[in-house]
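Look for chain A in each of the two complexes below; its partner is chain B in the first and chain C in the second.
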Partner chain A sequence: MDISRIIEITNTALEVEFELDPKKLVPEAHIRDDLGLDSLDIVDMVIVLEKAFQIKLTNKKELSTLFTLGDIYGFLETIRDSNIDQE
Partner chain B sequence: MQTRRVVITGMGAVSPYGAGSEVLWNGLTNNICTIKPLDPVHMSGLHFKNASLVPEINSKIIPRELRRAMSPMSVYAVLSAWEALAQAGLSLDDLPPNLGVCASSTLGSAQALEDFFREYIQTNDIESVRSTVFFKVMSHSVASNIAMACGLDGPLLAPCAACASGLLSIGMAYENIALGKEDYMLAGAADEFHILTSATFDRLGAASHEENPLIASRPFDKERDGLVIGEGAGVLFLESLESAQKRNATILAEISAFTTQCSSKSIASPDVNTMQMCMSKTLKNASLNVEDIDYVNAHATATLAGDLAEAKAIEALFGNHVPVSSLKGYMGHTLAASGALEMIASIYMLQEGLIVPNHNLQNPDPACAHLNLLQKTEKKQLKHIIKNSFALGGVYAALILSSYASSTKVS
Partner chain C sequence: MSNIVVGSGIAGMTLALLLAQQKQDVTLLEAAPSPAPLLNSFKRSALSFDVGFHYAGGLAPSGVLHRWLNALGVWKYIGNDALHPVSEEFHFATNDKYYLPPHKNFLISAVEEQFHETESFEKLLTMMNDSLNHSPFMNPLQEKFTMDIPENITSVSDVLDSLNLPFALKQIMLARCLLLGLRPSETSFEHYSVLSMPYCESSSSLIGGGKTIRDAYLRALEDAGVTVQCNSTLKSLLVEEEELQGVVLENGKELSCERCFFTGHPQQLRSMVPPKVFRPAFFNRIESMEETPHAFMIFAETKSASLQDKVVYLLTQEGFCADRVLDADDPSIYVTGAAPVDGRYPVLAIASIKQDICKKSDQNYSAWKKKYSEKLVNYLETRMPELAPIRLLDAATPSTLRHWVHGSKGSLYGIAHSNENLPILPITRLKGFFMAGQNILLPGLLGALISAAVSAGFAFGHDEILQRFRQGYE
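Presenting the complex of A and B:
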């Protein structure tokens, strides 16, 4: 899966779940400060991304290092790559 | 005991008629029945055929960060609370300090609970369960969500007592203000349709099996065969008379007394003596006599036993003079919300000087027929209304609603 597809799937999942303005979904958008998500939302964000990408993210320690949408895209790309490597 | 006078200055409703108190009143006075056939998917193994559901409303006016913790009952309650505050002349941006809420429901969201256990049992895994499930399931979900959506900072009370929850919440808020503990409170209740409550009444033999929705709920009628489940919310803004006068608020009505009693004779069957005692004690607390009551707004849900017991209790106390009606024939039994919605209807009756009659009362049950059961609208100057609400679990409540002597602008 290329990065543009990862961005598309991520943005769609977050837009629907959190009723976000698609114009705000840019790589430099800060999850809390710009998108307004709080700790409860971040729990749910992990759930919707797991569902969208059919992967397990819970308990991944890297989750605490994700601050922007760009961080999330990059993290998902790494996860997808490592899953493919394992396959 | 020295108590303060308590008045109502705001009211809000989401009922099977839609959003708004006025919509509720217009539906009742236009003799509209909101009961409709239930989606057959809900009915497998059950015998009831109909329900009285809230039509589609715009819940998105509630910001997502608040709405995410709400099941439908909290959405209904929040919209009702906002309407009540607006009518009371209060802005969400400028609420008085220490404003609290006393609100409840039959139980937390059964649908949210069902969704959780469906996932858990099927997958033995809770990692896909949303973070906000518990806020919908908890028993004080309605009160909490009203508090969050209005930005309250006073007490938060949630006296859940099934079908008496609405009147109990209003009564407890009244007592807090009357005793001087609070100056004002939001008070009410909400419920949402779920198969659990419907099935409970079905299993108890108390749900109507009538096919035709328009005659499925027939309080006090000889042909009644049980209740029809509804949903909705009603919220009032209560304040001390001093507070209302200080704010120059429009006073809609006054609460003169409230009583709640329990009966330990049965967890399910109605107790005539406790019903009578509850109403009698409420009269005494209001320093009123039976002849002072102009109308009884009955709990009567159209069950065989419940209507009969209430009729006997009313007859024993009031005789056959006072007009009596139940509003369950119009919109079914909205459970926790019923006491609050029927209070709102009763406030309109006080203001408009007319009594909404029983709906679907074609042939009064001879055992109930000693009462003055209204079959058509009666125009009458009303000073005092007694409102009953009773619940499974041995809970009985009665409240006296009175017209305020100069119920326009208070100088």
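Presenting the complex of A and C:
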């Protein structure tokens, strides 16, 4: 999956599930400060992304190192790659 | 500060007491006509049957439940004289029978006598103790509170597979997953330890059953100046500028409050909260969570043998099978009794059934209920011939539970806290709105009680809430 598809899926999921303004969904956007997603939302976000990408994220410790939307795209890209490698 | 607690079950009553200890003004709301309907009992043919409470672990002095009920000011109204020791029996379909004694002092010798091996069992007990000792709500000496989600959650199957327990003993310990309504592979070992270790300490019923607990709670609530407002169903939350203002009841009455503690099923929330307060992702996650199994119960009598001092788990040929529902040829059954009347002994048996298999509104509901009741009676007479003949008095379906207990789903323990799911937190995006109860943390008396304490801790600070539990208050 290329990065543009990852961005598209992520943005659509966040827009619908968190009622976010699509204009705000840019790679530089800070998850907490710009998008207003707090630590409680993050739990829900993990589940939303798991569902959107059909992957398991709950035991990934990298989750705590993600601060911007760009970080999320990059993280999902590595996850997708490693999943494909396993297959 | 005014607080509203929604639901007067164990979680709600515990919350009300903990809030009162914090010198808070508390209103406790209950949808049913009387408080704590799950702790109620009813009579059939002069025999008394308990709805939700049959026996518990750690109720005897030095047990964790005992300590909590002391800290809440509830135990003094129950009293040690009401304790009644209960042995747990495990009957395999191969006709092998084993038991676990009602007190830890006899546990190791009972294991030795029946299984001729105690090393792996003692290792399991140590692992369970280590696991639950992390929790300040179980261990009064633990000063740290963490809600960290561990990277790797060990399941009960993982642990029990790694120990060299004798086959039957392993099945018996796996059967304790029934306390959570989960399969061993989806049960976190920590949750398992929290709920099942107290049973290794002591297992007891109470003279008077669930009503004894309910009445003791009500007296403690009275001491604390809290009254239960029954027939008060929550309709919606009043929210202004993202802040909780109060609640609206079904009868239209508005009550203002600064905090609200909700102990109902969180899947009820969508219709109660104004738009935009919670994210769709929150509702979608909660609504996608599976329920614990649904139960079918029979209430019967026998003149042949007493079940008063024991509970019996009827296991299958292969041992413990969580999925063996009543439709199967060899369902897994839980059997218990209560106080006899004139030489007649009550028999209560519970089997799990497939979700919402037949609702009260269905045309063939009565026929279905009759068929399943008869099947369960016949099966009991085959597996426990010492009880035959068994006379059926009544039965309960998930519909019955929904109606009498005001549980929204009618499942045994609400949401299944499988290790696949991320936990639901007691705090929410709405400031002042907290959740508690078996749907949020863990089921059973202890699970609901601890859930209330965790929730109150989020509102007032965990050290404040844990103070009396740590001191071991009388």
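Just so it is clear, the second predicted complex is superposed on the first by the 87 of 87 C-alpha atoms of A that agree within 3 Å, B and C clash if a C-alpha of one lies under 4 Å from a C-alpha of the other, contacts with A are read in each partner's own complex, and residues count from 1 in each chain.
Quick note on the criterion: a residue touches a chain if its C-beta (ideal position, glycine included) is under 8 Å from a C-beta of that chain, and two chains touch if they have at least 3 such contacts.
The shown structure was predicted, so the numbers you read here are calculated from the model rather than taken from an experiment.
Trainee: Once both complexes are superposed via chain A, do chain B and chain C end up clashing or fitting?
Mentor: After superposition on chain A, which the two structures share, chain B runs into chain C.
Trainee: Using the touch definition from the top, say if A:44 reaches chain B (first), chain C (second), both or neither.
Mentor: Both partners.
Trainee: Tell me the contact category for A:58 with respect to chain B and chain C: first, second, both or neither.
Mentor: both
Trainee: A:16 in the overlay: touching chain B, chain C, both, or neither? Say first, second, both or neither.
Mentor: In the superposed model, A:16 contacts chain C only, not chain B.
Trainee: Mind working out whether A:4 is in touch with chain B, chain C, both or neither, as first, second, both or neither?
Mentor: It touches nothing on chain B or chain C.
Trainee: For A:36, using the defined touch cut-off, is the partner it touches chain B, chain C, both, or neither? Pick first, second, both or neither.
Mentor: A:36: touches chain B, not chain C.
Trainee: Under the contact rule defined above, give the chain A residues that sit at the interface with chain B and also at the interface with chain C.
Mentor: The overlap between the chain B and chain C interfaces on chain A comprises residues 18-19, 38, 40-41, 43-44, 47, 58.
Trainee: Could you please specify the touching residues of chain A with respect to chain B in the complex?
Mentor: 18-19, 36, 38, 40-41, 43-44, 47, 50-51, 56, 58
Trainee: Report the residues of chain A in contact with chain C in the complex, numbered from low to high.
Mentor: 16-19, 38, 40-41, 43-48, 58-59, 61
Trainee: Enumerate the contact residues on chain C facing chain A in the complex.
Mentor: My answer: residues 149, 151-153, 276, 279-282, 284-285, 288, 422, 425, 427-429.
Trainee: If you look only at chain B, which of its residues touch chain A in the complex?
Mentor: Answer in residue numbers: 60, 64-65, 68, 127-132.
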